[in-house]
Amino acid sequence: MASPLIQLFDHFREDLDDYNDRRERLIKASRDVTNISKKTIFLLHRIVMEESTDDHALAKHAAMRAREKLHEVQDMYAGMKHELEGDRFWRHQRQVSPGLQEYIEALSFAHYLDHGNLITFEQVEETLRDSNGVLYFPLVVSDYLLGLSDLTGELMRFAISGIARRGGRAKANQVCAFVRSCKSDFERMTPYIRELSKKQAITTQSLEKIEDAAYAIAVRGSEYDLPQDMLDDIVTQTIST
Amino acid sequence: MASPLIQLFDHFREDLDDYNDRRERLIKASRDVTNISKKTIFLLHRIVMEESTDDHALAKHAAMRAREKLHEVQDMYAGMKHELEGDRFWRHQRQVSPGLQEYIEALSFAHYLDHGNLITFEQVEETLRDSNGVLYFPLVVSDYLLGLSDLTGELMRFAISGIARRGGRAKANQVCAFVRSCKSDFERMTPYIRELSKKQAITTQSLEKIEDAAYAIAVRGSEYDLPQDMLDDIVTQTIST
Amino acid sequence: MDPQDLENINALLDRDVELREKIKDQVTELDKKTRTMVGVLNKIHSTPSDSIPVLIDSVRPILLSCQEITSSLASLVPENQFWRWKDMWSNSMRTAVFVASLIEYLSTGALIPLSRVAEILGIKEEWKDRVAVPVEDYLHGLISLVNELSRLAVNAVTMGNFEEPIRISIFVKDLFAGFSMLNLKNDVLRRRFDSLKYDIKKIEEVVYDVSLRKLAPLPKVVPP
Amino acid sequence: MDPQDLENINALLDRDVELREKIKDQVTELDKKTRTMVGVLNKIHSTPSDSIPVLIDSVRPILLSCQEITSSLASLVPENQFWRWKDMWSNSMRTAVFVASLIEYLSTGALIPLSRVAEILGIKEEWKDRVAVPVEDYLHGLISLVNELSRLAVNAVTMGNFEEPIRISIFVKDLFAGFSMLNLKNDVLRRRFDSLKYDIKKIEEVVYDVSLRKLAPLPKVVPP
Amino acid sequence: MDPQDLENINALLDRDVELREKIKDQVTELDKKTRTMVGVLNKIHSTPSDSIPVLIDSVRPILLSCQEITSSLASLVPENQFWRWKDMWSNSMRTAVFVASLIEYLSTGALIPLSRVAEILGIKEEWKDRVAVPVEDYLHGLISLVNELSRLAVNAVTMGNFEEPIRISIFVKDLFAGFSMLNLKNDVLRRRFDSLKYDIKKIEEVVYDVSLRKLAPLPKVVPP
Amino acid sequence: MDPQDLENINALLDRDVELREKIKDQVTELDKKTRTMVGVLNKIHSTPSDSIPVLIDSVRPILLSCQEITSSLASLVPENQFWRWKDMWSNSMRTAVFVASLIEYLSTGALIPLSRVAEILGIKEEWKDRVAVPVEDYLHGLISLVNELSRLAVNAVTMGNFEEPIRISIFVKDLFAGFSMLNLKNDVLRRRFDSLKYDIKKIEEVVYDVSLRKLAPLPKVVPP
Amino acid sequence: MDPQDLENINALLDRDVELREKIKDQVTELDKKTRTMVGVLNKIHSTPSDSIPVLIDSVRPILLSCQEITSSLASLVPENQFWRWKDMWSNSMRTAVFVASLIEYLSTGALIPLSRVAEILGIKEEWKDRVAVPVEDYLHGLISLVNELSRLAVNAVTMGNFEEPIRISIFVKDLFAGFSMLNLKNDVLRRRFDSLKYDIKKIEEVVYDVSLRKLAPLPKVVPP
Amino acid sequence: MDPQDLENINALLDRDVELREKIKDQVTELDKKTRTMVGVLNKIHSTPSDSIPVLIDSVRPILLSCQEITSSLASLVPENQFWRWKDMWSNSMRTAVFVASLIEYLSTGALIPLSRVAEILGIKEEWKDRVAVPVEDYLHGLISLVNELSRLAVNAVTMGNFEEPIRISIFVKDLFAGFSMLNLKNDVLRRRFDSLKYDIKKIEEVVYDVSLRKLAPLPKVVPP
């Protein structure tokens, strides 16, 4: 028969193993969430670069496809719900956050393509509820803000890669204004969330890159007396010949 | 026919290649010097650990063997003499120093085993002269001091590994006193030579290790009313049975 | 950003900052208490065994007074958020566990169970989603106990008490065997546990010195 | 240790800890204000020139409200200890200088003098052993101004304002010439100053693009 | 870009990620086994010599069960890629070498050769481009053996076994002399080898105590 | 320690040191060759298109002469140890890939496949456990190709060749689309791929300029 | 930039640069003195107790000669700027405190008070806005003293002086108890204080070795 | 250490320190001069070409006045010790080379030879073991020249000078081809040379803009 101490530690072992196993499962799940989200972001970039006569419809289509893919994440979160009940969410927040932020990044990217504005806190929460409207786990402000902060980087890629497309110049200007207002809005929150300060610096860099691209187009177009649309038409025509 | 600029740069290329080639040769030579010196140090450690009835003779023998081996280094320096003439020595000092310091470390270790004291600046210079008494290159104070500073680490190994030998305890006490006086003497020079400060910290660690070893022996011997020599004899006898 | 959203978010952030300040005040208080207790208990290394009970009696009331703080914490922390804030007081809590376990060892020679630690600190079962002693903190406290006992083994001999190191040796080896059963992940706890081997070596050397000089009866060797 | 000595030492240490807390509170306040202003001023990059005055008017009251904080700091810092504590607020102070200088440039096109910055921030001459704007912080603020103006040159063109880059170019070159006459030592300030050449290059390239395309009248070239 | 090419490239990139996961699972398994064995072997310090064989017999099956893992690894690692993945399991492998060498010392008093370690772990010569025991890992395992034996020398005396330290002393000195002959680079292995002298010193102190206790005259009179 | 064993171990340790030296010599050689080729190919930016073939013909023999080095490497690297040593020559290999791919683009306008690169460099399939071109290095080379082509687009226009930028635009977009399909990890390769969009942007600006110059109405009137 | 402003700024910057140079010269001088003293005092570890007074007498004049330097510093540092420049000499000042405290311990066995240190270094009360010994530097010096005394405990035994460790033990424990009552913040000083426990353990182990072997009378145990 | 040796060594160390101080004074002087010249030459970016000669004439006397400093250095540095001390003034010397080469380019459009730089700085052939301009410093100066010319290409266009960029393009490409012939090792010079490609790209883009708009005759294309 085991000594009392051994029995005691036997109990601790179960407790620790239980915790470690859950932790491992959550890390793996979070890594999967991250991967799906990253792939969703790539997918969005890929679709909006496809040939099309109607960029608006293309963006709507991309957003729809992305939201479909992100259902996989939502299903995973539904499955993780019991792992994160009560105080467990806070115990494992560090394991959940990275994936969640990447998910919010992807979701907000799709939302921007669809509506041209910033997804709200409640709208993110909406995607994390079961059929009874109960949240799978609480949404934390810092995860929300840090996910959005990463969005600016993707918007920079979107704006610059698309600048050569018909209408890409106008789009770049819209994105530029949008990212600039994100930067302004986040500025006051930086003292509260440490990682946000670093991300603001990256947002600033992204913003400058979009500004430079928008500038290059503006300065080139300014030599001609034609509206931007017609200039775009001319360029498209040249390449296709 | 090449343009004047090309001719100019042709000249620079020769100049740079000449310099780079010499630099490469000196780096390789210095690495060889380092290797020989390191191996000499191992050799010294190995020989003084051999079975013997007369440790004093063994140390003298080790020193002799080491000096023989270090002749290889001296021959290399004789061969490098022309590479380091005039201002070239200072140009390439950074390549020469590491090997030279390791050589001084090995040489001073052999010298200590032989004479029980610190090799002087002039005695090191003596080993770096050709048959006409001309130095192969100037000996710099910093190289001399930094080489000696490394010696304390080897003496620590020597003292601790040998502590189990007959007479090893007395030897450890001698080494302890010697390293302590090195530390004192070097202290005032540390503001002049940056690397010396760091090496003093290592010397201090080595010194503490020897002190602890000497202490362990002293405290164990203090229980008995016999002289250290007789205690050593008893231990040797036990092991050999 | 939607202006309403902006305002809400700012309000949420402000609330957290305030809460943090309040918790910090309690933790500073707890920290002072544990530092004081550690300061007093440091005297065990120069106190003869028969005066140890008096020493312990002077620490106990301070330990019990920690109950006020755990109670304040329990009223501050929102439900379910234990794991969100606990890093703020983990260090102090581990020291409290150490103090409780050292007092127990010195009084009874036994290992204090986790439940008893919680009881002494006045932590109620129903607070478990706000304030609790997690296994990890309990184990950290026990490692500190071993660190302290290896020092005590040395100083007991200095004070002429040759049985204490042997008692410590048995107690610590038993505890170490318990720890060995756990599957620790590669974190601070594992590193601290790994470092216990130095304490055990030290204790073994003291026992060796004592046995060699036949100053105390040999510890009974248990076959595996 | 002598008990009286111990008490004195403890009193000194405690006073410093408290003071640090209080100063930190003020600095946090100042930080909030400067960040808010930076957030608002970020909009100059998408605001047409005729709406700039309105934007500036919304920032000025916040800037003036910093006077409360400098005044609190002046009453907190013990005499002679300016240099002991100033690192705590240097960063915020530099941002405040930046804000003041940007407002001045946008309103008048001129460089704000150091004395005027101190005045706006309500810093009194007689506080100089407790709160002051050292030259270093003033210069740091001006470097941030140049960083911002190089971005503005780009964005002004995007908004169709082809004269602004030329005005900025003249202003920045004058400022740069001033900086070049200072004997800066090899520290952060020197490195930041050295990096200004990238901003100048960028502004020059904007002016180049504008001139190449004859979008604005050539800047008048002044013979040396 | 050619679609077929693209697909191939993608397949290659994906395969590596998956493979890493699978190898990691095996290594976690191996790690558990070696930790268990180390836990059990820790009992040698309190086990009288006649019960050591029983203890060893309880470890051997676990050691042999590592063959399943080496075999899995051999089937996972693509041919020729030993050097690409080996860092993932080096640590566990060194512990396995340590365990095998300690068992050998305790059973026969002899040093286990590298070839025998490989055999026990079921590592086949023909796997050498996928799974092998490189010399470096073997040497690391032996250094851990010396660390353990210096502790055993102390505890053997406590258990009344005065011959063991002398046996250990001879074994370790021989091993140390062997290591001295190697031309080690300035790396971790060299640093660990360098630290062996402290183990030797400890063992020698025990031998010293034991020898003198047996043969030297009684301790001197205590000073007043 | 067994003397024979000791000797073997020493031999193994020494061999690695020597081998590193020998590989380094070959890599230095390869590095010189790739630098020379890059130097010559730099002239494409000022060479009219009809003289490009001559330029390429002067580089090809140097490229082919790299076969001697890959062959030496294959004879130096012990079997199965590709992954152990490859970091030593990765950089040079990537430059060689770049050279081969640039030559191919300039000669045929097509993308060189990985298999063809290996063939040109004389790397045999059966060496794959010693010397190979891993996918990663191939992709790095292609990214360098895009960097170079964005520069060429600019200079082609300067030399009056208005079709080249359009050809480059189509080629690079196709390549970019290919890269977009890969699941790259977050490493250097990913960062370099990410930067490709700036090259594309530059190429597009040239295409834009060229198209509008040909077809758009005359520049607007200069403002006063 | 306004020329008058520019001149003022330049004057300020230049003055600081010059001042820094001059202070640096003094600090170099102070550094030489303290290093020389440390070099000489290192001999206490091999000097029998009856020769210690002679050794100390050779150090005292150097210590007193530091007064010239503190006096020069007081005339160099502008009023109110103590906290601006003190980092330049903190290290040397701490070493000077260490030297003064070691001399005091060796001469009288007592702890030197802060006021006495200032007096020996010739630092006047009225200089406090320019040159002073802040509490922090005093405490740093005392920690170095403990570091040195733990080494001395070891070496005294080696020299056959078995009473010294016991004296040191009592002195250091008293000092440690004093330190424990301070509210140190989490900085370098706190970390160094925390590390004192290793010195105390070492001293305790020396006292243990001496008592175990009955080489000196047991230290008197004081009940709590 | 032998007391005589100790004294000698200390004397040697002291002498070096003094010498360093004296050299430093000269370097500070040289540094001021080069900074002033760079400040003045910065005006070339806003000076029309016909006023450039006047600008240059204001710099030449300062450049020639550097001869006093090289002469002082030559009398300070002990024979053969050029390479020992040169790092102290390398930076200033490189700036001096840059100034001389920029003046030469602006006056004659040609590359200044190394021998001519030495002559202007008054450095005599017979000082070569004490003061000289090594090839490395010359090349560093030329790289700074290219950095400056890429900026000038941009600003020349702004000032309506469309031929200058083409002249600069030809000059820089020729210089770049020269650099490409050198076997640079992996050091700062190599990194700076590698970065030249950004300057060349910039210049090419300016030439592109000018050609596209037919603002200047196309540069003549030279077949390889």
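Here the chain labels run A, B, C, D, E, F, G and H in written order, and each chain numbers its own residues starting at 1.
Note that a contact is a pair of C-beta atoms (placed from the backbone, for glycine too) under 8 Å apart; a residue touches a chain by one contact, two chains touch by 3 or more.
On a predicted model such as this, the values are computed, not experimentally measured, just so you know.
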Compute the shortest path length in steps from chain A to chain G over the network of touching chains.
2
Does the chain D and chain G pair touch with the same residues on each side or with different residues, judged by whether over half of the numbers are shared?
same
Note: chain H sits from chain G at a C-alpha centroid distance in Å of 50
Chain centre separation (chain D, chain E; CA means) in Å:
62
When centres are defined as mean Cα positions, the distance from chain A to chain F in whole Å is 34
Touching at least two other chains at once: which residues of chain A meet that condition?
181, 185, 188, 222-223
Which chain D residues reach two or more other chains?
177, 181, 213, 215
Residues of chain B touching chain E in their complex?
39, 42, 45-46, 49, 157, 160-161, 163-164, 213, 216-217, 220, 223-226, 231, 234-235, 237-239
Chain D contacts chain H in the complex at 173, 176-177, 180-181, 201, 204-205, 207-208, 211-212, 218-219, 221-224
Given the complex with chain B, which residues does chain E contribute to the contact?
166, 169-170, 177, 180-181, 183, 194, 197-198, 200-201, 204-205, 207-212, 214-217, 219-220
In the complex with chain D, residue positions of chain H that touch it
35, 38-40, 42-43, 45-48, 51, 54-55, 58, 151, 154-155, 157-160, 206, 209, 213
In the complex formed with chain B, which residues of chain H make contact?
1-2, 5-6, 8-10, 12-13, 16-17, 80-84, 111, 113-114, 128-129, 135-136, 139, 174-175, 177-179, 181-185
